[in-house]
Every structure is written in C-alpha cells, then in structure tokens.
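Multiple structures follow.
In the two complexes below, chain A is the common chain; its partner is chain B in one and chain C in the other.
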Partner chain A sequence: MSPKARIMTILRSRPFLTLLVVAAVWIVASLATRGFGAFGHLRYLVELAAVIGLVAAGQTFVVVAGGIDLSVAAIVTVAAVGLPLVSSSADPTGLSAILIVLAMTTAIGLVNGLGVAYLKVHPMIMTLAMATFLQGLLIIIAGGSAVSVQNPLVGWLGNARPAGIPAGVLLWVVISALVLFVMHATPFGARIFAIGANPRAAELSGVPVPATTIAIYGISGLTAGLAGVLVLGMNGQGYVGIGDPYLLASIAAVVLGGTSILGGLGTYAGTIPGSILLVTITALITVVNASPGWRSILFGSLILGLLLLSGREAARR
Partner chain B sequence: MSAVPSTSGQHSGRLYWPVQAGRNVGVRGLFAVVLAFIVAYGFLFPGLFTMSGFAKFTQSWFPLALVAMAQALLMLTGGISLAIGATVSLGAVIAATTMVGPLGVAGGSALVAAAGLGIGAITGFIVVKLRLPAIVVTLAGSFIIGGAALLILPRPGGAMPEWLSDLLAGNTPAAFLLLVAIVLLWKLYLATPLGLSLYAAGENPVGAYRSGVPVDAARIAAYALSGLLSTGAGLFVAAQTGSGDPVIGAAFTLNSIAAAVLGGIGFLGGQGTMRGALAGSLLLSLMISVMFFLGFTPVAQYVAQGLIIIGAVALPQFRKVQR
Partner chain C sequence: MVNTAPLLAARGVSKAFFGNPVLRNVSIALLPGRVHALLGENGAGKSTLINMLSGALRPDGGTIEVDGKAVSHMTPPEARQAGIAVVQQELSLTANLSIAENIGLGAYPRRFGLVDYSSLASQAREACALVGLDEPLSTPVGELSLGRRQMVEIAKALYRKPRVLILDEPTSSLSATETRILTDLLERLRSQGTAILYISHRLNEVMALCQHVTVLKDGSVTADRPLEGTDAAGLVRLMVGRDPGDLFPKWQASPSRTTAASVRNFSAGLVRDVDLDIKTGEVLGIGGLVGQGQEDLLLGLYGAIPAKAVSSEVNAYQALPGGVPKANALGLAYVPADRKREGLHLIHPIITNLMLPAFARLPALKPRNRGSERDLARKLAAQLGIKGDLNRPAQALSGGNQQKVALAKWMPHDPLVLLLNDPTRGVDVETKREIYIMLRQLAKDGKAVVLMSSDTPELVHLCDRVAVVREGRIAAMLEHDALSEENIVAAAVGADKPKVAA
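Coming up: the complex of A and B.
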C-alpha cells in the first residue's frame, strides 16, 4: 500500500471519524460555553471517560466476538463495594485488596463465559441473570449504606496527578495499549474476530472456541473490575448502584466507535474516542440546566442521533 | 403428500389440531414444570382455588404475561426490546394522569394505546428502515421513554378511577378473561397477512423478502403491537396500585426477556410459540409467588431468580449435548 493510500484509509476509518466528531463537539462547545474549553475541564472529562473506556474495553472484546455483556454494571459495583470490605490494615500499600477484587471480578466474568461456552446460554440471558444474581448478593453483603475506603493505592489512583495527568488516565492509556496489542497483534485477537464473524467456521478451522469465549468474558470481568476500583478511588465511597450508568455507556461507546454489535468487525481504537464522546455529551447535557426527565430524553436522543450517523448495519441483499 | 385430498378446505379443519399439538412438543416439559409449580402453590396457598384467590393470582400474573407477549412478538421477528420496562412506566403514568381528568377512562385508554402503538411504530421504523441494531436503539429508547414518563409525572402520584381498579384488580377474574381475549386476538392476528409474515420475517428474512412477504411491514407492526401490549400492562399496573409511578416498570425488561426465553423463544427469530412465552411468564410469576410464601426476602428472590433462569435455559441445552 502506498503511503498516500494508507493515509486515505486512516482518514476514512471509523475511529478517526469518531475522533473528528469529538474534536468538533469540543471546539463548538468551547466557543459556546465559558469554561468548557479550559484545560482543567477537558482533563476532567477525559478522567471520567477513563472509567467508561475501561468498562468498554472488555465490552469491545465481547461484542467483537459476537456476544454482549450486560453484567458489567453489576461487576463495577461489586468491585467498588467489595474492595473496602477486603481491604485490611495489614497491607500498607493496599495492593493485595485490589488484586483480590480483580481476581473476584475476573472469576465472575469466567463464570459468564462458562455459561455461554458450555451451557450454551445466550450471552444476553447469561449476563442479565448474572447481574440479577449479583444485585441480590450485593444487597446481602453491603446493605443499603455506602462504604468508604481507606486504601492508599486506590486513593492514589483516583486522585493523584503525576506530571499533571490523572493517574486514572495513565491507567487507561496503559490498558488501551495492551488491549490494542492483544486485539490486533496476537493469535488470540485474531481468534476473537474469527469467532465473531462465524463461530462455526472458526470451530472447524481449529479455533478453541469455548476456551477463547471463556477468556473473553474473563477479560470483560477484569476490566469492569478495574473500572470499579478507579471509580471507587475517584468517589471515595462505594455504594450499591454506583456502576449502573456504565452499562449503557459501555455498549454505546463500543457501537459509536464503529464496532458492529453483530460481531466480527471493529476495534478498540474506535471505542476510545467513543467513550470521550459519551462523556462530552453528558457534560453538555449537565450544562443545559434541565429537569431529570428532559436530561434523560436528551441523552437518549443524542445517542440515537449519533447512531444514525455511524452505527447503521449493511443493507439486506 | 398424496394422502392429503385435494379438497383441502374441508380437511384443513382436521389438520388444525395435529398441527397445534405438534407445536406443543418443544414446550411439553415446560408445561409439566408449570403444573408442578401450580400444585405446589395450591398446596402452600389453598386459597388459590377460590374465586378471589384465583382472581388475585391471575392479577399478579397479568402484566408479566402481557410484557412476555410483547417481548416474544419481537423475538419471533428477530428483534428485541430493552425499553419494555420504560414503556410500561409510561403507560402507567399516562393512565394515572388522564383517567380521572376530563378525558375520562375512554380517552385515557385511547391515549395509552396511541402512545404504545406510536412509540412501537417509531422504534420499529428506526430499527427496520434505518437499519440500526435493535438492542442499542431500544436501550437509547428506554432513556427517552423513561424521560418522558418523568416529565408527565416527576414523582409517584396521580389517581385511577376507583371502579376501574375494582373491576381490573378486585375480586373478579376480569384480568384472566382479558388475557383470554388477548390470546384470541393474537390467534386472529396470526391469520392476517401481517401475522402470517411474522414467523417468515424472523426465520429467514431474505428468503421471505424474495418470496414477496412484506418483511419490513411485519417487523414494524410487531414493534407497534409490542408497544401497545407494554403500555397496556402499564395501565393495568396503575389500576392495581391506584396511582402512577414513573419507574414502576423497571423490572419488566429483564422479566419479559426471561419469560420469553423460559418459554422457548429463540433469540435468532422464528423459533418458539406464544403459548410457550405465556407458560414462561406463568412459571416466572409462580416462582416469585412461591418464594414469597416460603418467606424468601426480596434479596434472596433476586439471587434465586438469577440461578433458576440460568438453570432453566441451560438444562435443555445440556440434554441436547448429552444425546
């Protein structure tokens, strides 16, 4: 491919187009509202986008493989509520608690994967039922009250700004690089796309479909758990329902970024600007001082409008 | 085929019942489980077999049956809706704000029906004609519809005419009779061209389209009817509680999908029967009631419900693998 053709491909690619939309919205909003374009505000937006981006990382894997994970919100809550409970004063760094929680959320994801791969339960039912199950469990464990955390590492993650960049954003950058590498430069990544495009063909070509499926849902549990740790650090408190906004957000970010909800097509490079776009929309809606009803209508309509611009399926032949 | 005489008009009647029986094959196990649950329920709560006990039980089942039908209708055409709960809420708040006003019950019911049909038709149009994925459209739609419900009634309130509440949620089995009527209407709908196209549009849209089946119209009609059933369920819930609540329908989204899947409706379209979905909703409703009578806390009900749904969906698959 000649350099010129390569540049044209990048310019026409969905991730780049989503990035352009984000840039356009930022420029227009900065001109229209005072303070929107300030560095501190934009940095804050990216910090918020990091949480969605982390949840959407696992969701991208699952959606590319032709599934969907509706339990991510519950998993974020499990991590945010569970971490204060497993934090002990014996470990001054707080690392052990984070590792325990991440192991826990990964295990939840693996159970999702087991159900989908071996029991052949449809992903939507498996993950919805898992979310229902976790919701009940969380209320039993945590009750209705908020739990605050005394964990140095979690606090650092949520509040520290080495070199002016929030630690959460740094975490997101690292995870993004990892995800992009795994997705596009490893055999495992290639298998995910194969399963999403045509599971039977993938199976017949020797792809270990069940093992790969289980791993994908495990990854989704892991990244949702990371997002839960980050959101806990930013909030200082965990409570039941803290993860709820991230279900729609993660799916919308994936779809806005150009990944097909039918599987087999897409990239995390699109989900990244998709997450930032979503946060920007939410911020703009907050600026427009409207009642909760209107805010909800505006949010839904904007997502629908953006979908019309970007998320259309191919025509029937 | 030679065994079938050419004068098919008079023999199609003879074929009707075997065909119907054939459709029961996939859901026979489900029917048995439902029967077992009814026996268990009757044992725990002997009042079930009195008139008022039966009325109360069918009333707790009725809204779930409607949303299960609404979801099954969509899943049969290869669609799905994550906005059922929000639509139920909208139906409830419209009913609770209009029926005691100048519009009266007739006007209020007409508004509820129009809202359901309209929302469904718009959703269907976006999904079918603009070719957007149904999951995402209805997820975004649930925000818009839920927002509209909040605008109409920001906090629980409103009122329903007392006689309507007594009629629908009193000691008469009006809800059950209404359900029977709706099932009969569904049978009639299946005999219309749009109804006949329903399964074809879900099973093999491309093939159906090439054979001249109005695929797009059938799918949009399915969304519209699904909206109507959802707001209808909302009206009933409002009559049950005597007031409107803008978030009362939230649980119906998951429960409608669970009921349809328990009833053997497939996600890919064209697989399953409405009687299965109804049995699935009855099973779910029985499960919730039985757990209530066994003294499960609402929280434990969540946990048990999650487990039972996975088990019920996984079990038939498991048997298939072993064979």
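Coming up: the complex of A and C.
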C-alpha cells in the first residue's frame, strides 16, 4: 500500500470519523454554550469518559468475538460496593483491597465465559442471569445504604491530577495501549476476530475456542472491575445501582466506534472516541436543564439516532 | 429454432467490482426450446452474468433484454415476473420451513388475505413430482440431505412456471439417479419451449444435454456456438485457452508406506466400529453415497466431534486427539467441504485467513510480526497460484481460489495427515487439475492424504486405496488394482460382489 493510500484508509476509517464527530460537537457546543469549551470542563468530560472507556474495553473484546456482556453494570457495582468491604487498615497503601476486588470481578467474568463456552448458554442469557444474581447478592450484602471508602490508592485514582492530568485518564491511557496491543498485535487478538467472524471455521482451524471465550469474558470482568474502582474513587462512596448507567453506555460506545455488533470486525481505537462522544452527549443534555425523566428519554433517542446515522451495517451473507 | 426470438438476452454487458473488470462486453441469448450451456473456469464471470440476467446485479455497460425489449434497472421481483427463475449454486432454502413452504416462499397462494395452504400443497406437490421428491411436504428442509435439498431448490424454481430457467451447477451434490431425473426433466421442459441456461463443470452432462454453448474466459466470451461438432477436449481448450492434457496425474505407487494413524472399533457420529489404517505416502479415498458417515469419520479423527475407539494411534500418540488443537499438534489438518461456512472467514482479508492456523498455535500474547506474515502469505499465494491483493476480503475470491486458500493455510505447518472433505466440489477443471497434482505430490513427499470425495472418477484415478462407506461402516476397502467406478458404486449401494481386501 502506498503512503497516500494508507492515509486515505485512515481518513475513511470509523475511529477517525467518530473522532471527527467528537471534535465537531465540541466546537459547536463551545461556541453555543458558555464554559463548555473551557479546559477544565473538557478535561472533566474525558475523565468521565475514562469510566465508560474502561467498561467498554472488555465489552469491545466480547462484541468482537461475537458475544455481548450484559453483566458489566452489575460488575461495576460489585467492585464499587465490594471494595470498601474488603479494605482493611492492615494495608496502608490500599493495593491489596483493589487486587482482591479485581480478582473477584475477573472470576465473575470467567464464570460468564464458562457458561457461554461449555454450557453453550447464549451470552445474552448467561450475562443477564449473572447480572440479576449479582444484584440480588449486592442487596443482601450492602442493603440500600451507601458505603464510604477509606482507601488511599482508590482516593488517589479518583482525585489526583499528576501534571494536570486526572489519574483516571492516565489509567485509561495505559489500559487502552494494552488493549490495542492485545487486540491487533498478538495471536490472541487474531483468534478473537476469527471467533467473531466464523466460530465454526475458527474451531476447525485449531483455534481453542472455549479457552479464548472464557478469557475474553474474564477480561470484560476485569475492566468492568477497574471501572468500578475508578468510579468509587471519583464518587467517594459506593451504592447499589452506581454501575447502572454503564451497560447501555458501554455497548453504545463500542458500536459508535464502528465495531460490528455481529462480531468479527472492529477496533478499540473506535471505542475510545465513542466513549468521549457519549459523555459529551450526556453533558449537553444536562445543559438543556430538563427533568431526569426527559434527560433519559433524550439520551436514549440520541444514541438511537447516532447509531442509525453511523452504525448501520450491510447485511452479511 | 434459429429464427425464434430470444426470451432473455444480454447485449455487450460489462461489470467491474472494486475496479476489477469481471465481465467485458459479454453477449448471450437464451432461446425458447434450447438448453444453453455456460462454461468457464471459476472466476471467469459466470455467476456475475447470471446475477445480471436475474436482476440481482445491474450491468455497468450494455443492456439486458427481455422478449427483445431492453429493460433498464431490472429488479429480482421484476425478473421473476418476467418468468425468469434461477437455481443457485448456494442453496437459498430456509432450514426450519417445510418443503412446501420453501417451495412457495415469496409466492404463496392467498385466500382471503391468508396463506392458502391446501392450494400451496397441491401446487408444491406438482413441482415435487416433476423432480421426483417423494418426502412428505411437511418435512423441514433442514432434515434433508444436501442432494434432496438441491431437488427442493429446483422444485422451487419450477413452482413459478418459468419461461427461462437458469441452473447454476445443479448436479454438484446430486446422486446419479437424481441427475438422471433432472436430465429427463430438462429435456421435457425444453420440448415445451422453456429457455434453459445450464452451468456445470461436468462436461459429459453438458455434452449430453445441451445444444448450444457459450464459453467465458476471464470475463470475455471465447466461444458462442452450437455444441454439435465439438468434443469435451475442445471445450476444455476453449475454457482454459490451452490443451487440457490429462486431468489426473499419472498414478505411481509410493515406495515407502508407514502407518500415520490407525484406529480400531472407531465410532463417531454416524460411524460405527470402523477399523482404519492411514498410511504415509498414499492417497486414501473415502467414497460412498452422500451422507453415509464419511464426514463424521473425518471429523471424528480430527477431534471436531466426540469419538471413541477401542485402540488408536495417531502419529505415535496412543489415543485419539480428542480436540482440534491437539489434532493439529499431532500433525492432522482438515479442509472442510463447505468453504464459506466452515473453511474461511469471508469478511476477513485473505492474508488473515492464510495465517489463522499459525495464530491458533502461537503463544497467545507473543507479539505478531506483520512483515513476516506478509512474506509467508505472499509465498503461499505464489505457490498455489492465488492471484490478487491479499488484503481483500476472502469473499472477493472465486470458489476455486477460496479452496486454494483453505488448503494453503495448512501448508506452513507441514501436516503429516491431510483430511480433505470433497476438496474439488464446485471447482473448475483447471483448479481441479492443480489440486490433483498437489495431492499426489504431497503423498510422494511422505504425507498421508485422506480424500473424501463425491466424485467417483477422482477416487478411481487418484487414490491408492478407497474405503467405501455405507451406513456408517466401511463396506469395502478397494486396493488400487480393484479400483473402478463400477466397483465403488457397487460397494456403495450394497449390490456388490466386492473384492474386499485388508
């Protein structure tokens, strides 16, 4: 491919187009609304997008492999509510509690993967059942009250700004680099695309389909857990329902970024601007100053509209 | 007959995909009461031409004429209304619907706005009778064998009482009896004045059935003339542009044979208690009627379906592989018959398809080297004659080239045992020849080639031994000296006094 052709490919790619939409919305909103374009505000938007971006990282893996993870919202809540419970004063850094929680959420993801890979339960049913199970468990353990956290590392993650950049955004950058590497530069990534495009052909080509499937749901559990830790840090306290907004947001970010909901095609490079676009839309709706009911209706309609504009794909044979 | 006006014609049509010209200035005229053969290698542009004649594609240049009148922008429904029916190579049936529902789909008889099932049944029964389908009409199509489904597909076209009938390789999955029924039927339709376009790679069928032939090569017409006075060799020459030579390479016994895999009392799927020895240096044929368990035999050996055996040895490993990754590690490779559904990732680039077995066995998180992947893929493509940009999706390739990709992806891994499921189905003569030469060469290089085939001549001329499977058991193991089409067919139908050996 000539350099010129390569540049044309990038310019026409979905990640780049999504990025263009984000830039356009930001410019128009900055001109139309006082304070929207301020550095602090935009930085805040990206910080919020980091949470969606983390949840959507695992979701991208799952969707590329032809599945879907409907338990991410519940897993975010498990992390945010569970972390205060496992934090102990014996560890002054707070790292051990984070590791325990991440191990827990990864294990939840692995169970999803086991159900999908070996019990052959449809991913939608498996993860929805898991979400319902976790919600019940959370209500029993945490009840209706919010739990506050005294964990230095979690606090740092949610509030610190080394060199003016929020720690959460730094975390997102690191995870994004890792995800892009695994997805596009390793055999594991290639296997995921193969499973999503044609699971039968992948199996007959020697791809270990069950093991790969279990791994990607594990990854989804891990990144949703990370998002839960981050949202707890930003929020200061966790409560049942804290993760709820991230289910639709994570799937919408994946699809807005150009990943095929049918599996086999896509990239996390699109999910990143997709996440920022979603947060931007939410912020704009808040500016409109409508009641929560209307905000929700507006948000849902806008996502649907955006997907109709950009996310439709040609039927496959 | 010469003076009758064509019912359907293409005049100087051209078509290009992604800038690659597929058809250049092609003309064809379908006359009533004539069976017109369309020949050409895979990728010559036959399917594209059919798609334009049936309204599925629009020509870039030239016109399509129905009854002598040029129609611009013909859509598939308009084509159907004009009495044009196509029997596709890729079956277009819905597995969950019954035979009758499939036949009537899209043209159900209505009564008070509802589907009139009784009149559907009577009309569908009529169409089924024409093609000799005697299964109950309420049978879901998913329960039928591939050959029977093909007959349903043909019945579906007949149900619409077409004036122009286009058949794209209708016999590739039919048994000899079914082929004969179809031939008689086409003969009858022809005498009633139907215009028929017949596409097949089986030249003897074409010679027997057709009156006129159009040959396509690389998107251009190289011949358009009556079949009278031509012979099969002449047709092949027109298709490939050179002398055909022998289709099959000369058979030679391989000097060294050692056992690569052997199973005793092996069962998998339909297969029951089979004893089989697979040896290096030979091509072992697996024959029989369609759906007797041949595929399960291969899949079971490959670990893709559950299998058991009293004793087994695969490449010095004292058990069945039990799973595909393990089978690959033991040196087994499998090439499925259904390229589109089982062999390839159509939406992915050719290069990714070629590299997939490598991705499957490399350490999961070892960084990929795109440069060496490209080099390897280029080498494979050159070796097997796969043309064009390797970054195109695999669905852009013709059937023969797709088959080459499905074979080529295993080559870097140097498999000891190659399990091939009907590798030449729907493949043009020239590619067939290339594949045959390759299989003999592989055997000569000390590989064990297991060739399951529905093409009996292939088994006779290419194989060292042929196992004929009937009702899940090996009904006969024919050694090379005993190989003949008669012996294989006799063993397959069980009407044999077979020369059983081994």
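Quick note on the criterion: the second predicted complex is superposed on the first by the 314 of 317 C-alpha atoms of A that agree within 3 Å, B and C clash if a C-alpha of one lies under 4 Å from a C-alpha of the other, contacts with A are read in each partner's own complex, and residues count from 1 in each chain.
Throughout what follows, a residue touches a chain if its C-beta (ideal position, glycine included) is under 8 Å from a C-beta of that chain, and two chains touch if they have at least 3 such contacts.
Just so you know, these numbers come straight off a predicted model, no measurement behind them.
Peer 1: For A:Ala185, select first, second, both or neither according to whether it touches chain B, chain C, the two together, or no partner.
Peer 2: second
Peer 1: Who touches more of chain A, chain B or chain C?
Peer 2: The larger set of chain A residues in touch belongs to B.
Peer 1: After superposition on the shared chain, which partner residues are touched by A:Ala163: those of chain B (first), chain C (second), both, or neither?
Peer 2: It touches nothing on chain B or chain C.
Peer 1: So, does A:Asn198 touch the first partner chain B, the second partner chain C, both, or neither?
Peer 2: second
Peer 1: For A:Ala5, using the defined touch cut-off, is the partner it touches chain B, chain C, both, or neither? Pick first, second, both or neither.
Peer 2: neither
Peer 1: Figure out whether A:Gly264 sits in contact with chain B (first) or chain C (second), or with both, or with neither.
Peer 2: In the superposition, A:Gly264 contacts chain C only.
Peer 1: Who does A:Ser301 touch here: chain B (first), chain C (second), both, or neither?
Peer 2: First partner only.
Peer 1: Where on chain A do chain B and chain C both make contact?
Peer 2: 316-317
Peer 1: Within their complex, state which residues of chain C touch chain A.
Peer 2: Interface residues on chain C, with respect to chain A: 302, 304, 324-325, 327-328, 334, 336, 340-348, 352, 355-368, 391, 395, 409.
Peer 1: Which chain B residues qualify as touching chain A in the complex?
Peer 2: Listed in rising order, the residues are 80, 126, 130-133, 135-137, 139-151, 154, 205-206, 209, 254, 257-258, 261, 267, 299-303, 305-307, 309-310, 313-314, 317-318, 321.
Peer 1: Quick one: which bits of chain A touch chain B in the complex? Just the residue numbers, please.
Peer 2: Going by the criterion above, the answer is residues 68, 115, 119-122, 124-126, 128-137, 139-140, 248, 251-252, 255, 261-262, 291-301, 303-304, 307-308, 311-317.
Peer 1: Residues of chain A touching chain C in their complex?
Peer 2: Of all residues in chain A, those touching chain C are 1, 181-182, 185-188, 190-191, 193-194, 197-198, 200-208, 264-265, 316-317.
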